[in-house]
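After this come two complexes, each holding chain A, first together with chain B and then together with chain C.
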Partner chain A sequence: MIKRILRLSQNEFYKLARQKITYFSIFFVVLMSVLSGIGANYLFLERSEIGSGYLFFLISSRTVINMFGVILILIFSALLISSEVSSKTIQSVLVNPISRFEFYVSKIIIGMVFSVLIVATILLVSFIIAKINFTFGDYVENGITIYTQNEIFMNLSLCFLLLLLPIFAICIFGLLISTLTKNIGLAIGVSIGSIIIFDILKERIDISHFLFQSYIENSFELAQNLIDGFKINWIPNVINCIAVPGIWMILMFVTGYFIFSRTNFK
Partner chain B sequence: MARDSHIVLQVKNIKKKFQDITAVDNLSFELKSGEIFGLLGPNGAGKSTTLAILTGLVKADEGEVKVFSYDLRKTFIKAVKNLGVLVEIPSFYGYLSGFENLKLLSRVKMVKKGEIYSTLEKLEMASWAKTKVKNYSSGMKKRLGIACALLGNPKILILDEPTSGLDPKGRQIILDLIKSLSNNESKSVIISSNLLQDIEAICDRALLIDKGKAIFCEHVDALLKPIENSYTLQIEPFNKACSALKSFKGLRKIVKLSSNSVKVVLSNSSSAELNQYLVRKGYKVYEIKMSKRTLQELFFELKD
Partner chain C sequence: MQFKNLVYLVFMLMFFMRSVFGVDWKVLELSFPEEITDGIITDLDGNGLSDIIILSGIYIYTYKQSEVGFKKAPDDRIFYKQIGELIDVGDINPSFPGLEILGISEKGVKYFYFDGKHYKESPAYFINQKIERTLFRVAPILYDFAFDMNGDGLDDLLIFHDNDFYQYINKGNCFTEKSKLENAYKIEDISLNSRILQNGNHCSDNSNMAFFFNPEVLTSKLVVFQNTHFNYDIISTLNRPMNQTDFHSLTSFFDEKYQNMFFDINADNRIDKISIEIIDDFYSDFRFFRYAKYFLFLNINNKFNDNPDYFFKSTIFNNHIPFIDLENDGDLDFISIWSDASLGSKESIIQLMTNSVLKYTLRCYMNIKGLGYSETPDISMGLKIKYASLSDIGSYIPFDFSGDFNGDGNKDLCVRINPEYLLIYLMTFNEKKVNISRVFRISVPEYVDKFTSIEINNDSKSDILLTTDNKIIVYQSR
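Let's look at the complex of A and B:
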């Protein structure tokens, strides 16, 4: 089974490399990151100030991931099944010696790979701009080094690893909607629309702790506390960041696969 | 022609309902080794749903499908390994070439690259291999679909309307190919069609279905045997000769087919008597031949 999943994933990689949406998405997030870099020139008056690099890096990547990265990941994952169903290519694939489970898992893998690609591109471009225009360094307060530069980068890396979990949950959510709707336009509309509705509702009815997308912000808040020199209590934060998106991922995967395995493709 | 009676695919009492519509109703049949088996029926008869059940695209509500000894539901992958499938409207990734589409499939079927080229050559598609599929005609897509079905050298081919949408030349190429695959490579084939001529041209046996139910399952010769006492005539002057025919005492039914041909069904008279009658009345009789059934006639006759 693992061999077949790998072979299917290999096919998905091949398609990813040949599709325009991949290059458009990368170009778009690079452009947005560069534009945020240009905008930041007007915001950060003291570029040489120690630590301004971290601040820019966080603000830029947070803005681009929240505003554009999530939307692009949702669009991509919402297309994963619906585009195959609407173009009927799914029929040509599923009549081969593969199980629907293997096919579904390969779709999740490619969705996650795309998510990592988008997040990594945003972080990399933001980091390069920060490195060129701003200054990094140790966090020092009253002559005492609270965090060395290496410690800050190590902890930031952990924050970004935690960020991947809610991002993966977003991807599996898109795939679930893709499984439910079968129509490309509807899948994109419903997935983006429902995330926006959840975002509006989460503060009003105080459910943000239970929603996976809240943990994107959570990761950035941890990173923000870090560069502000606060000590971070990792254990409860890591548990929350893993548990809530993790439970959602399992629930959405099981629901999506249950529906997919019972769908008639004719 | 079928070489032995070894059963390679067995369908037992399959049923499928879509909401209130029964698409397949208690259908059973068997496919023998090396046989070309035709599924015949009008649009909406349940042919495509039956084939979709055989390939796992649609789950049957009841019944059992066995490919060799493998139950399709319980051991899907082992069962499907023996199948090469052409779906009704074969679809591909338009942004990839024909070769690339086959390459993706070859990974799933664990087939070597060399086989892709030989399959494309078999279907006279080698020159189109590098062209993006979005630039293919529907006939080319159909051929690429058959190439997909042939990849991996499966023992059974399931072809859903392989000739629909093809020009006469393309249709003949496909029919010849199917026949040679059965004759030379001992492949067992299930082919669905709503064209009686296709079934007649290549099939050993045929199953006629309507509203998901089996109406008739027999050798094609039996299905297509000429209708007793039914003749097609070419006569002149046409209108006057037709009027005269109406007063022929052995006539049971008369149907005009074209501007110079007519079909008659006689009760107990022979074609010689009919010919004699027309000639005696001074009409020219160019041809009298026994009529073959049209699909429509076959349906009505067998349903009655």
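Let's look at the complex of A and C:
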């Protein structure tokens, strides 16, 4: 089964490489990161100040991932099944000797690969701009070294690893919506719309802690704390960042697969 | 039958709620026709219950508390003067019952004694001396100006005017002529090997306290005057946090970019130094508020290290000083309040624009005996504060750590989580960890500007004082 999933994922990867949306998404996030770098020339007055590189890197990557990266990942994952259904290619795929489970898992894998590609592109471009335009270094206050540069990058890497979990949850959510509708436009609209609505309502109805998308911010807040010079209590934060998106991923995967396995695509 | 069950259920539910939330509040609301400019909560008549003294407009109002509580009307309304400044109470003349009231105005000091029924103004003790009002605002501010400076049981006066401190010694029926307290607030006067007599609200018999403020040298501090044949060593300690909820406003605090405070941080009876750097260009860090960096230098064998021993940061809200003895063990813990809002955060922007909600992280660094502060905070809480409107954001500090609501000796956290209610987190401390044990909430009127914890009914559980320009509301725990 694993071999079949890997082969299916390989096929999906070739499709990913051929799709325009992949290149458009990468171009778009690169453009946004570069624009944020240009804008930062006006906003960051002290570019030579040690630590300004971290601040730019974080603000730029946070803005682009939050505002555009998540939307692009949602669009991509919402298209994964709905596009196959609307173009009726799913019927020819499912007549092959593969199970629906294997097919569904391969879609999740390619969604995750796309998510990593988008996040990594944003981080890489933001880092390059920060390296060229701004200054990194040790965080030192009046003779006390709060963090060395290596410690900051190690901790930032951990923050971005934690970020992947809610991003994957976003991806599985898009796939779930994709299984619910045969219409591409509706799938994209519902997935993006529901995320935005919950973003607005979650504080009013106090459900923020229970939503996976809140933990995208959580990872960035940890990174922000680091750059602000606060030592981080990793254990409770790591547990929260893993537990809530993890539970959602399992629930949405089971629900999505349950719906997908019972849908008649004829 | 069903109705009866429903009634039982309601009563059981009420009993359950009462047992869960534990504290029941008795509310006292006092309104004044003019703005409140000063106020004191203290026991005027020596019955063990706190009374309220308010300076509002041209009158001083006194509300005395008896076993049955406060009356709605003031016990006394004393004509004060057109422009009042500061009031204080003291035991100036022991032949009068209770405490007397003193008031400083621009023309001098007024004195009111209690004749058994009402407060009356007396020409005795009246000091007719011009006091520069402006200096009260920009230079050292002395709030507790009536206290026993020479240990004779009579309260003397220490008043700041003409850019210096002057003492007026109580001779039993009048004050002596003023005499200058030489360089009372100069940094050189602080001897690093001075011993702090007592780190608390009251000092030992031969010492007395004043509370003063000098933005140039010592900043805000509580000063203990140790009287040895009229030679005053000025040594400092901190007995309670200062925040905006004091009636007095410390307008100049945090105005200087670099300042020093001197407190006994680790309760070793030696004065430690805290250097503060105020970061005003916070916008370059994409912060919403000014913040301060605190560099702590411990006094080790009467010397400070070149590099600080500890470093902390906290957002500046009004005049909140983040050093508080949370677990009542004598040393000072640090509370950092930090706004997590960032321009790069979509969520911050959505919550700010749609709900006027701003997220703060509150971090408590406990000072553990022998170990000092830990690098990571002992408590780290994210709190989302809802303001009445976008323009109110940052206008008041929503946190208060000065109360002990369950009477266990530890400070508890009171948060104005939104304009409609306060949340109280009861905190317990042991050597290994800090627990937030229970949360309950209190509804408050939306128009209230400020809140603080006080002790008013002498039951060892803190009460809550809410203030507006011309109104005070006291929530007394029962």
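Note that in this section the second predicted complex is superposed on the first by the 266 of 266 C-alpha atoms of A that agree within 3 Å, B and C clash if a C-alpha of one lies under 4 Å from a C-alpha of the other, contacts with A are read in each partner's own complex, and residues count from 1 in each chain.
Keep this in mind: contacts are C-beta pairs under 8 Å (C-beta built on N, C-alpha and C of every residue); 3 or more make two chains touch, one makes a residue touch a chain.
Keep in mind that what you see is a predicted model, and the values were worked out from it rather than measured.
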{"item": "Simultaneous placement of chain C and chain B on chain A, clash or fit", "value": "fit"}
{"item": "Touched chain A residues, chain B compared with chain C", "value": "C"}
{"item": "Chain B versus chain C as contact partner of A:Lys266, first or second or both or neither", "value": "first"}
{"item": "Partner chain(s) touched by A:Ser60 [first = chain B, second = chain C, both, neither]", "value": "second"}
{"item": "First (chain B), second (chain C), both or neither touched by A:Glu221", "value": "second"}
{"item": "Touching partner for A:Ile144 - first (chain B), second (chain C), both, neither", "value": "second"}
{"item": "For chain A as apex, the angle formed with chain B and chain C - C-alpha centres, to the nearest 10 degrees", "value": "150"}
{"item": "Touched partner set for A:Lys15, first chain B, second chain C, both or neither", "value": "first"}
{"item": "Gap in Å between nearest CA atoms once chain C and chain B share a frame through chain A", "value": "36"}
{"item": "Chain A positions touched by chain B in one structure and by chain C in the second", "value": "none"}
{"item": "Of all residues in chain A, those that touch chain C in their complex", "value": "43-46, 55, 58-60, 62-63, 66-67, 141-144, 146, 199-200, 203-204, 208, 214, 217, 220-221, 224-225, 228-233, 236"}
{"item": "Interface residues, chain B side, partner chain A - complex", "value": "18, 48-49, 52, 55-59, 76-78, 80-81, 83, 85, 87, 89-96, 100, 103-105, 107-110, 145, 148"}
{"item": "Complex contacts: residues of chain A adjacent to chain B", "value": "4, 7-8, 10-11, 14-15, 18-20, 87-89, 91-99, 262, 264-266"}
{"item": "Chain C to chain A touching residues, read off their complex", "value": "275, 284-286, 293, 295, 306-308, 310-311, 313, 336, 338, 340, 342-348, 350-351, 354-355, 357, 361, 363, 375-377, 380, 384, 386"}
